[in-house]
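Two complexes follow with subunit A in common, the first pairing it with subunit B and the second with subunit C.
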Partner chain A sequence: MDELNSFETYFKDVLRRTLSPPWRKKEVVIQLDAIGVQSVPIILFSISFAAVVTIMEYAYHMKLVIQTANMVPGFAALLILRELGCVITALLLASKVGAGISAEIGLMRITEQIEALRLLQIDPIRLLVVPRVLATILSAMALTVLANGACVFFSMLMSISNLSYSMGTYFSAMNRFASFKDLILSLIKAAVFGFVIPIVSCYYGLSCEDGAQGVGRATTLAVVTNAISIIVLDFILTWLFSHLY
Partner chain B sequence: MGFLNELGRILIFVGKILKTIKSKSINCPDLSRQIYRVTIQAISITAFSGFFVGAIMSIQFNSQLKEFGALTVLGGLATSATLRELGPLLIAFMLSGKIGAYTSAELGTMRVTEQIDAMRCLGTDPIEHLVVPRFIAIVLSSFILLLVGLLSSIIGGAALGKIVGGLSAQEYFNAIPHFVTGWSIALGLFKCLSFGILLATVCTYKGYFTQGGARGVGRSVISTALITMVGIVVVDWFTSYLARSLEFLWTS
Partner chain C sequence: MKVETRVGLFFLGAVITVVAFAWLMGVVNPFSNSYALFVQYNFAGGLEVGSPVRVMGIKVGKVESIEFVPDQRDQQGNEVKLKIKISVSKRAKEALRGDSKFFINLAGIIGEKFLEITPGSLSLPIHEAGAVVRGEDPPRIDQLLSQGYGLAGKLLDIVSKNEGSVGHTIELLDHLVTNLNRTLVQLDKTTKNVEISTLLKTCGI
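So, the complex of A and B:
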């Protein structure tokens, strides 16, 4: 109960400061680089593999259900846009960025840098947490667009080489199912995930205990909590959005 | 080059582990304690997230199949897709945080507080007593955990099939045998096993070779989480590819 209470006050603090200026713009830019730009290669790499597997699996299943590979691009695009693009991006961010944030802030905490900030009358939440929250929301959305693009591109290559589609037929098949609305909804999902990851990670970083063990535990807890919250939130959002499709 | 160096070091480390497993007798109480600990630690989380993964897949396929009035195949399609592909993938992502990050933090802490060096001074082999039990335990228990996760994903899929699609559990489960072949189950199990081996290798390696105090522990946890995730995606692709070629050879 104690942890819950302190998380509640922490969450309210963060929310209040995130919504009200002044924001530290320079910090936000630094974090955008650290969180967004430096995650691009790894996310593109992983998502392209995921795209190839998706097409392979879809082709297999479509052959079972309707005996042809006609609908593969359409269905695969739906799964990519609605689910894979944002969830895999978010899970990768949760481990790369989430673990990074909680280790960094945890180290600050055990080397008493947070207390030093308080002594200097600098609000650690405004300096450390809020820029990370803003930067992660923005980067998660941008990375999701990139990931969706890469995923569609690689699934197109895969369909051309394995299922004898051409570029034109692939896109027209995709167009029949996927719409712009799917992309917008996946951006909303990405924004929610991008909001949760830094809040959870900063919380575990700020409540880190002393020593190497404390940092290890904070980082582990951050990764696990992030992954669970992403899966549960994804379920809730998917359910909500399933009424909108 | 850095990547190749790292890969080589990992292979040498695995070679050492395998040699130790082969030549030394394994301390059974130690091993079973590790298996018990890892499994108990992660089982509720795995079952929980497995349920939601199945549920998500069920909702997604429901909205796709509804347009064609083909809801009767929902159970088979969602279960087959979850077993073959997304279930192992997402649950392994989950475990890479829970087990992988935990183990590398634990071994890393031992390393930076010089407990591993102390063991070596006392004439015991840290690889034999710390790394090997953890390695075997992680391979075995992540296999068990992934199985639990997959089972609960089937339950989650059926529950949401009922809520969203209005299919009774009977109808949902009836469709499963038409789609889920022995190959699919074998592929799912093989994926689970490969993810377990990957996870065990990366987290023991990263934890064992931690350097540089609390900062170093943080760093090895981050790189464990990251390498396992990227590795899982690549292994996932590779096993799917392999299975498809094998299946093709088998049936033709």
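So, the complex of A and C:
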């Protein structure tokens, strides 16, 4: 496809169409359901275990170094809100949604459905990419909030059962270090990750080569590129946000 | 369930979670039971926004903001550069009176700073919401160390410059102490002799 000659051209096209109406609201809602709602169970399930492991590890480290587990909820909440909640959510979204988008659009490409859309004077980027970009940004933000909530809840349960904390002392220790600003910054990170995942996935889908092997390759490349992009972007954003503290 | 309903519930859940976080972290509190006081300092000693405020060791609030006010003056007319806004629970209001002191203290294994308020006398008026009070500036450890170093340097300088006379003075002091010991021994003997003579006289010998 002409517009896929370079990623730069494709990116500019997506950005221009994402920022200008019409946005095909019905398609956005369908994608919000597929990307956001249907990802809730897998993300909450995974993040709960991550929260429990965080508390266990912090308790071990604290007892090893300063012989007390007093600061565990504070440090754990800080890590959850600043990193764990948004990064794990984004990585899970990349593997679940990113692979799905790439395979779906890749299959449309090799069965010439994209070409058919173009013949019908329908812009494939506006129809396929923009709703997924909008839905993934919104879903990533909402899922990050829910993941943070679940993470804090399960780390609290773990602290109560293993470290003899009460609910009040847990939140008091949490508030000593974590602040609402951490949640806001994690939402900004989530929005950036939510913007990158569909753009990368759709790009590999739209430039998919023929055959089942081509779809498989596009899917793998989408997941790998998304994972690397998320980790690198997380570093860049964390470095930028470090100037705000 | 319709797609729109599912998506709506999904975002409703997210919004409720954000509100819950805001409430837990003290950003939004519709049932707020605290009031604000302003404490003036010239040195905050590491106190930060969010640091706890305690009355008699019990946490009753936190530091809301720290502001630089170059032209601020206290009630005596002295310049005070910092204005710290604190929120204090209303349950501690009765304890905060005219002679309450506002200290900056250190607690915990990681050296967490907090603002400690001592309870005031019942005869004095309560600090009302928005009152501006003068805090007790914490000691400047860095200044004390710097002054200590200066003093130690001067002492060493004096000793090294007057090494001979200092040694002579110490020798004289040693003699003085030795003589004083001898005098005390003689005095003790004399006292015993006087006591014996008094006893003999009493006995009529």
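Following the convention adopted for this analysis, the second predicted complex is superposed on the first by the 240 of 245 C-alpha atoms of A that agree within 3 Å, B and C clash if a C-alpha of one lies under 4 Å from a C-alpha of the other, contacts with A are read in each partner's own complex, and residues count from 1 in each chain.
One rule holds for everything that comes next: a contact is a pair of C-beta atoms (placed from the backbone, for glycine too) under 8 Å apart; a residue touches a chain by one contact, two chains touch by 3 or more.
Bear in mind the structure is a predicted one, so any value in this text is a computation, not a measurement.
Chemist: Consider subunit A as the common anchor and indicate whether subunit B and subunit C clash or fit when overlaid.
Modeler: Fit: subunit B and subunit C sit side by side once superposed on subunit A.
Chemist: Who wins on subunit A residues touched, subunit B or subunit C?
Modeler: After superposing on chain A, more of subunit A is contacted by B.
Chemist: Now for A:S207: first (subunit B), second (subunit C), both, or neither, which partner does it touch?
Modeler: So A:S207 meets neither subunit B nor subunit C here.
Chemist: Looking at the overlay, does A:R82 come into contact with subunit B only (first), subunit C only (second), both, or neither?
Modeler: In the superposition, A:R82 contacts subunit B only.
Chemist: Tell me which partner A:S229 touches in the superposition: subunit B (first), subunit C (second), both or neither.
Modeler: neither
Chemist: Examine A:S155 and indicate which partner it touches, taking first as subunit B and second as subunit C; both and neither are also allowed.
Modeler: Touch status of A:S155: no partner.
Chemist: With the two complexes superposed on chain A, say which partner A:S186 touches: subunit B (first), subunit C (second), both, or neither.
Modeler: After superposing on A, A:S186 lies clear of both subunit B and subunit C.
Chemist: Identify the partner contact of A:T18: answer first if only subunit B is touched, second if only subunit C is, both if each is, neither if none is.
Modeler: A:T18: touches no partner chain.
Chemist: Once you lay one complex on the other using chain A, what is the shortest C-alpha distance from subunit B to subunit C, in Å?
Modeler: 5
Chemist: Can you name the residues of subunit C that touch subunit A in the complex?
Modeler: Within the complex, subunit C contacts subunit A at residues 3-4, 6-7, 10-11, 13-14, 17-18, 20-22, 24-27, 50, 52, 59, 108-110, 112.
Chemist: Would you pull the subunit A residues touching subunit C in the complex into a rising list?
Modeler: Its residues touching subunit C are 29-30, 32-33, 36-37, 40, 66, 68, 70-71, 138, 141-143, 145-146, 148-149, 171-172, 174-176, 178-180, 183.
Chemist: Which of the residues in subunit A come into contact with subunit B in the complex?
Modeler: Counting only subunit A, the residues touching subunit B are 42, 45-46, 49-50, 52-54, 56-57, 60-61, 64-65, 75, 78-79, 82-83, 87-88, 91-92, 94-96, 99-100, 103-104, 106-107, 110, 177, 211-217, 219-220, 223-224, 226-228, 231-232, 234-235, 238-239, 242, 245.
Chemist: Okay, in this complex, where on subunit B does subunit A touch?
Modeler: 45, 48-49, 52-53, 55-56, 59-60, 62-64, 70, 73, 76-77, 80-81, 84-85, 89-90, 93-94, 96-98, 101-102, 104-106, 108-109, 112-113, 164, 179, 213-219, 221-222, 225-226, 229-230, 233-234, 236-237, 240-241, 244
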